[in-house]
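Structures for review follow.
One chain, subunit A, appears in both complexes that follow, with subunit B as partner in the first and subunit C in the second.
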Partner chain A sequence: MSAPGTITRMAADAPPEVRPVHVRAGRLEHRLGLLAALGGFGMIALTYAPMLWLGIMSVSADPLGGLPGPFTLEWYDRLFTDRRWVGPLLASMGCGAVVGLACAASGLLVARALPQLRARGALLIAFLAPLFIPGVLLGAGLFLYLRVFLGLRLGWWSVFLAHFAWAYPFALLALLVTTTRFDTRLNDAAADLGAGPWRRFVDVEFPLIMPGVVSAALFGFLLSFNELARTILLRGTATTLPLFEWAQATSHSSNVPLIFALATLVLLASLLLIGVSFWMLFGRAADR
Partner chain B sequence: MLRTTLILFIAVWAVFVVVPVALLVLWSFLEMKDYSFSSGLSTAAYAAVFDSGRYEVTLRTLRIAGLVTAIELGLALPFALWLAKGVRSSMLKAMVLALLTVPFFISLASRTIVWRSVLSRSGLVNTALMHFGIVEQPVDWLLFSEFSVHLGLLAPSFPTMVLPIFLSISLIDDELIEAARDLGAPPAKVLGDVILPLALPGIIAGIIFTFVPLLGETVVPQLLGGGRVSMLGASISSLLQVLNYPVAAALSTLVLGILAALFIALRLIGGGSIAAVFEGMKR
Partner chain C sequence: MPSPADKANDAPALEVIRASRHFGAVRGLDDVTVTAARGEFLTILGQSGSGKTTLLRIIAGLDHPTSVAALRIGGKDVLGLPPNKRNVTTVFQHYGLFPHMSVGQNVEYGLKLRGVGASERRTRAEAALATVRLTDKYDRRIHQLSGGERQRVALARSILTEPDVLLLDEPLGALDERLRLDMQIELVELQRRLGMTFVFITHSQEEALTMSDRVILMRGGRIAQEGTPRDLFERPCSRFAGSFMGVENIIDGTVADFANGIAGIATPAGIFHGLWTGVEPPRVGQAAALLLRAEKLRIGTTAFADSFEGRITARIYKGKYIDVAMETRVGVIHARAWTDEDLTSDTVRIGWSAGDARCVPAEG
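And now, the complex of A and B:
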């Protein structure tokens, strides 16, 4: 990855622009700013505290009780004897992998072409629609269309379809971050030096947008792996890990402690993957 | 060949994502025959929507989603302004944005179910309240009530409000703000006459991204409402299970109608320029 480094450094050596104007903050604004920050960080705390609490209670003797402790690994131990979750876990991982690969490949196709298309605004709205259409609506729409109208038998293929539609906007956005930053003049330069279209893509473009591709695949995997609202309607006979957890959590409360342990493990794995994809997408760009 | 594949993919997306959602409107006007749709048109489904029970669910859903959206807006607008214009350190900015993005990829059910151990009769809050002698008996409206549903919805709906507003405010040129100041505008006037009008598209987008998904939320009301706080999303699911397809489609159409109205509002105020997304990406 030395070539991109050189290029940005060259750009940094270019004559500096006029110094940007900074917004000056008075004392009143400073105080109001602190208040605003407090509110926002409060919501962020409200987001992450339950995740932390989930982990703490998963190693407590009574996860549904009020206070943590006495601490025990009993519930994790039980996960190794009661192995009904292994099947759904493997199925979810498989489904997530397929969704991730499909997202990366089709996302790459669209993200490279979209900024140059004339109808990009309308297309982008169509591709981002699943972000703001409630999951149950997409689920109901697909269910009525596939099952009732077309009379098809639902199963993993329809679960895949729903997961793909849900994950695709995120994958596309991750890829657009990198493709819109890609300097197309590099392709022209490569062409001048005699490189064909395939060679230009493999040797020039792909290495530079690779972080977006990997992030898109990881986002697709994670969103599929954790999806519930749409899966419920399109499952057919398929069972994913979130569906299994959901069934356990809503039917037998004696199984809830196991769900705490299982959910904690999934949470830790998810956070790890998110960390990797964020680092690929933004962290390395900042290093340069 | 690349072009053919692209057109093919756009067609697949239209057929399997856009068309199924759009057809919901059609289904809502069809009659049912033998557990399938017949060709007869009818508005019976809409009459059924306004039946006593379902009408109540619709109103409750609008009220809960509206209140949560209002709270999010009240917290998100100042926070986005602070984040976009008040924070100098790009490191801090990136960290906050990351913290706001991570929750999209975490299972909502696991984040929600843990509230049960905090709010239940023997949970954290009641244990604390009784320990400090504030209450004698455990408070039981904390869980399986509208309160717990509101509380559970708050954190998951915050990022969808902050991020669009943040994007639109950070696209406002700092020189515009400074120019208004140099001309003697007090902070309130800068906010009202410069920042808010320019941030309005982001605000409407935030409302679309937050309010509309809240109308269809299924996980939180079921886990924290305990069957007592039923909302539209669960209604649609259960109508599908009892094969009452037209009414399920009519409820969905209602939500789509609200979505369309908000989109029109966005167009009317002249925002919603999707090109801004491409601009924002380059930063």
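And now, the complex of A and C:
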């Protein structure tokens, strides 16, 4: 150790020496960040593993055997000869489209008004409460009310009703993300420049909340497209794709392998659809 | 767009006659009359809550008065009309630019609404952008612009439709000091060049003084004083107006005498004199205030009839001058010393000429 006074003398003789700095602070945060990232990847793996397995088994000779291989496209070939699934697929797509559009349109009305209301918190809870009811219960409740109590003939309309009730809260949440972020003062600015209510909506508000509208429609479509629990009870004579798959999977064991191939195709198509919509929503926005 | 016939009629650009706006029990605006001549630069000055923003919103059509005698823009009755039916545009404090449109699309939006063709829109938008010194920014996105540039885009957008009145809502508030000073000059030059009526809302007395033809000072929903910048600065009509216009020293007292426009105000340190600038002539015994601007006070002189002693408590170096705070019998007084020689002792005498001091009523 140097004696007191050394520093002063050194400073007079030569500039003080520099040494590299190693900061230890922040390491814990860094490690926690890594852990979180790893956890995230784990979750993704967990989510996609069953789907991947489904895909692998769909090209295996014995999908119910439990082990992949030997590989074959037999089941895909059979799908194109036995085309009973095409009707339910088209029906589900039609139903999904109607539910998606209905969710986006009616959700838009509510999501535009809700942020301006004083009772918005209570109202939002009221809108989201159906999420807490198990699907089968809601289906059963609707069935008892519509079929048993009112004596109505169930069919596509009751399927639509159940799907809409199921998808609506999700669609509303997607819309609220953009409508609450929308700066209503922009409407003032547009009015100030001479825009009437319709032009304000078309030129300013809608383009800015459009991502939420598209997401809402997409949620509505996908949730309806995949819905089974409520559909079973409310179908009447209607058949949706999940219903068809479920019926096939439970009754005719010889057809089960077909379901693997069909589900894989639907999954690929869905991923494509989602990919395209995300690109439309966010990819193009980044180009601007 | 105004037709030549509209331009020719000599109605004032803006007439707000006896407007009130009550929010429940609160009087946001209380029987206020404001008119602006064509081509005038009118400033509405006041603190937040003074009613200036309510007034702006009523002119723009974003809010409506609870009672009014008349509301006309360019001679046309606009009472009850929505903003899009009024020939008035606003430069908002928050700019209000549309983030999904380019700079050019923002600027020409008003023309688009009026059915002007695409090529003419572009030509005129580019001309307007050049006017606010934003040449070649037509295709930029809004988020690529700095705060000052956004300000200019908002300005270009608002002047392009040639409104009878352009409202500016604290447009310089968000800019940094240097830019703000530049924009003050630029706005005034622009207004002169266009011959457009500007109604400028601000809380800054400095902006009001530098830019306006006429200033309306507001307080609590009412007009506290109205006049040229010189009137407001040199002849404040009340204690509030004086204080708002930046008078450093205000000494409260009562009126002792009044002759030839000069009032004597009785204070704890004696009777002091100044020019009476209240609207009504003073009554003896009335509560009043003596307004003394720091730069009018002379330090260390006995040449004036009105003077008192003070003990220096702080000297703050300001570059051009030294701000001197002193303890006196009438409270803390601020004066300006121009050299250190003025401040050799701790106890000094300060004096002023009665013509440099102002006396005003304490109320109103």
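As a convention for this text, the second predicted complex is superposed on the first by the 230 of 288 C-alpha atoms of A that agree within 3 Å, B and C clash if a C-alpha of one lies under 4 Å from a C-alpha of the other, contacts with A are read in each partner's own complex, and residues count from 1 in each chain.
As a working rule, a contact is a pair of C-beta atoms (placed from the backbone, for glycine too) under 8 Å apart; a residue touches a chain by one contact, two chains touch by 3 or more.
Bear in mind that the values here come from a model prediction, so they are computed numbers and not experimental data.
Within the superposed three-chain arrangement, the count of touched residues of subunit A is higher for B, of the candidates subunit B and subunit C. Of the two partner chains placed by superposition, A:Phe71 touches none, neither subunit B nor subunit C. In the superposed model, A:Asp203 lies in contact with subunit C only, and not with subunit B. Of the two partner chains placed by the overlay, only subunit B lies in contact with A:Glu245; subunit C stays clear of it. Touch criterion met: A:Leu193 reaches subunit C, while subunit B stays clear of it.
Contacts of A:Trp157 after superposition on the shared chain: neither subunit B nor subunit C is touched.
Of the two partner chains, subunit B is the only one touched by A:Leu124; subunit C is not. Looking at the complex, you find that subunit B touches subunit A at residues 2-3, 5-6, 9-10, 13-14, 16-21, 23-24, 27, 35-37, 75-76, 78-79, 81-83, 85-86, 88, 94, 96, 98-118, 120, 122-128, 154-156, 158, 162, 174-175, 177-178, 181, 187, 208-209, 212-213, 215-219, 222-223, 233, 236-237, 240, 245, 248-249, 252, 255-256, 259, 273-275, 277-278, 281-282. Every residue of subunit A that touches subunit B in the complex is listed here, in rising order: 20-26, 28-29, 32-33, 35-37, 39-40, 42-44, 46-48, 50-51, 53-54, 57, 63-67, 106, 109-110, 113, 115, 120-121, 123-127, 129-146, 148-149, 161, 165, 168, 170, 176-177, 180-181, 219, 222-223, 226, 228-229, 232-233, 242, 245-246, 249-250, 256, 259-260, 263-264, 266-267, 270-271, 273-274, 278, 282, 286.
Residues 60-62, 82-84, 88-90, 92, 94, 96-100, 109-110, 113-114, 141, 157-158, 161 of subunit C are the ones touching subunit A in the complex. Every residue of subunit A that touches subunit C in the complex is listed here, in rising order: 183, 185-186, 188-196, 199, 203-204, 207-208, 288.
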